[in-house]
Amino acid sequence: MTDRTMVDGMSAPRLTLPLELRAVAITLALGALGYALFPDDLAFLTRLISIALLVLSLDLVTGYCGVASLGHAAIYGVSAYVVGNACLAGHSDPLLLLLVGAVAGAVMGLVSGALVTRFKGLPQLVLSIAVGQLVAALANKLSTLTGGSDGLSGISPGRIFGIYAFDMYGRTGYVFSVAVLLIVFVVLLRIVRSPFGLLCQAIKDDGLRARMIGARVYPRLVLMYGVSGVVGGIGGALNAINTGVVGLDSVGFERSAEALVMLVLGGAGSLWGALIGSIVFQVFEHYVSAANPFHWMTMVGALLIAVVLFAPKGLVSLGGLLAGRTASVLRRRP
Amino acid sequence: MAWTGLSIGLDALSYGMVLFIISIGLSIMMGLMRVVNLAHGAFAMIGGYLASFALKNAGVGYPLAIVLTVLGTIAIAFPLEFLLYRRIYRKSDELTQILLTIGIAFVIIGVANYVLGPTTKPIPLPPLLSGPVDLGFRMIPAHRIFVVICGVCTAGLLWLLIDRTEFGIRLRAAVDNGDMAESLGIKTQILFSATFALAVGLAAFGGVVGAELLPVEPFYALRYMVTFLVVVSVGGAGSIPGAVAASILLGLADTTGKYLAPEYGEFFFYLAVILVVFLFPNGLLGRRH
Amino acid sequence: MSQSLLELRNVSMSFGGMRVNDDISFSIGKGERVALIGPNGAGKTTLVNVISGDLTPSQGAVQLAGVDVTGLPISDRVDAGLIRTFQITRLFKSLTVAQNVALAVMQRKGLTRQIFSSPMDRPDVRREWERALGTLGIAHLADRQVSKLAYGQQRLLDLAIGLALEPKVLLLDEPAAGVPSEESSKIIEAIDRLPSDIAVLMIEHDMDLVFKFARRVLVLANGKLIFQGDPAEVTHHQEVRRAYLGSYADARHAS
């Protein structure tokens, strides 16, 4: 998938438009499909979208920069808390809240990026964990701001554009979330193909080679962490806006680890992979986890092992393979 | 005040020793096989469960229970080594290792929860260890002292093993230069398997003797997953003195933090981690690569 | 001396106790073509690593156009026009051939800060990466994924990236070693056609190539610079002969 998009983007500039249009069309189709399949459970879908943004955010640093992070929920959770508090303080315009979330996420992203990308390998992984756990411990401690283990509740955002109120069925929230996801996704498609995005991938491939073409590796990685923070922050903001509560789970280690699992399931290094991974995982979770949470854990574990062994590049690569086969079969027909 | 200090110190030391016993296996594995094994804590947990079963249900004595536990955990872990771990020794990238081993940990947690239930499993101590010890001026839980002795013995025996035996010579040669060792005819696969067994055995041992401090329940594997990894990173992968120093330092940071400001949870622990990683990116006593 | 673009002063590099570069001094002026030769393990690549900034020398100084760059990061040296290639190719495997070169062009032009636009197709950028690929005869591979290139093609691309960075001083680490003859002739041609004002230091084992290319030869053995001068003299120089024969004899002895 990435191969093709990259080639598109470069050899024929006129094709970039269809690529983004395609993304819009697919996202809208998925949105409609979701509505058709789960009309009574839009809350689940809005949650799914919010988490999908976290996974996209993680993809930017893990898939595109090669930074394995097990603390990415810090960005998501902090932004959700900030948005929650902003709303409780009376700033209830949803668009303003999104902006607040994006800024909070960006700050968190830059700070954690500055810490985490300083080193490589084990120290890097451990720093990502430490940042996540530090934030989680603080969230627990600062209960005046976070509501501690009870969570921060009573967040009730105002009308979108002053017109559309959030209804109890979650319809407004759902449409709002799909629109936000769509915009973010299209913007990200451009960012990962920009010179900056390419440079990040180059750094992932070979940091020393990137330096030898003159790249300043550390500032680039921190900047990508900042972009990732914006995306994760928007995800956290959506979570606060749609559910009206923010709990400790939104900063926890499990949230970070699950995001990584979803990313790798779908395929790191591809935005489509992040999207597919978060959808497949959460729909699966929706059914299985409800049936038995303990079997759920076993199954996620088995799934992870299977992905590593049989589809190390994620579902998106299987999809690409399938599409390639179909295409070649079709081509062979006269 | 001084008593509080002493008490914190002993708690920190015994907690640190438990961390050491469990983490040192992981450290050696990472030094030699370069595997980020997030399922290491799960093996310590299996050890705890086996010991609980041996002591409560089978009525075996404490020392024998420890031996059986260590062997039993190795037996359980070995198929995993054969089927899964072998694929990721030394070569694959970090992300793959993280995912595979988190996957293993999740499966173990899920199965433990299903088979044994979500409750904490007690590991009854023999009378000798369960009471307090009178130091004349102060009573101290005997178990704490026992843990410290276990830690010191583990460090000493490991040092002997690695410094004085044929196995140790091969191990060090392979750590220093894996490809060279291979070409010198050291059978690295056997060495890796032996090291894996050693690591798992130590984890199980630590899981049993440390059960008072790290209670055995299904989410043990997840709860302490990162703690052990952090100890290894702070100490420097593959370094015994580094692991000792890191365990004591982090044990102290955690225990002191929880005594003085319990509402901050693990805050001070992870603050210490960030500081140490920045000051010593290769570990307190680790070597540069 | 004011003409010298690259100058090394008493550079030494040790790993642990092992001195791999020992008190090396030389300078290369504008437009010079210099070959660096020496037996395997002599410390040639290490020297290039020191000059390019991958390693910090244990002693001594590296100067670029009269400015001391010894402590400077790699990227600053690249900005100043010090470019290298690698003995073992290092490329951006998940990108296409064109992207590899275009990235170098955009980095040099300061465009990699752009995070939203896609200036790869801007005429000035495009012209440059197409020219670099054309020079090495791999323009037809532009859209190929780097991971799917043959080894010889990878070597061509490595050099194309170097050219796209518009070097003032170019360090080539065995650019044609192990490359099939078809590609190696393209590499040699490209090196021949390099702009005449840039300084080139090339590590090379093939003496025919060295004679063809270089006006001056540096010989490194056991980390020491044992000869520097006219290529015609090098084969008659006693110490050089001994260094090469010695290593040849050692190699035969070992096997």
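Each chain carries a letter (A, B and C) given by its place in the written order, and its residues are counted from 1.
Assume a contact is a pair of C-beta atoms (placed from the backbone, for glycine too) under 8 Å apart; a residue touches a chain by one contact, two chains touch by 3 or more.
Since the model is a prediction, treat every value here as computed from it, not as a measurement.
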Per Cα centroids, the chain farthest from chain C: B
Innermost chain by mean C-alpha position: A
Distance between chain centroids, defined by C-alpha means - chain A, chain C (Å): 41
Whole-Å gap separating chain A and chain B, where each centre is the average of the chain's CA atoms: 33
Euclidean distance of C-alpha centroids - chain B vs chain C, Å: 48
Residue numbers on chain A that touch chain C, as the complex places them: 2-3, 6-7, 9-11, 13, 16, 187, 190-191, 193-199, 201-202, 204-206, 208-216, 220, 223, 227, 269
Parts of chain C lying in touch with chain A, wherever the complex brings them together: 52, 54, 73-75, 78-79, 83-84, 86, 90-96, 98-100, 102-104, 106-108, 111-121, 142-143, 145, 161, 165
List of chain B residues in touch with chain A within their complex: 30, 36, 84, 87, 94-96, 98-100, 102-111, 113-114, 222, 226, 229-230, 232-234, 237, 263-267, 269-271, 273-274, 277-278, 281-282
Footprint of chain B on chain A - complex, ascending: 62, 68, 70, 115, 118-119, 121-123, 125-127, 129-131, 133-134, 136-138, 140-141, 253-254, 257, 260-261, 264, 268, 294-305, 307-309, 312
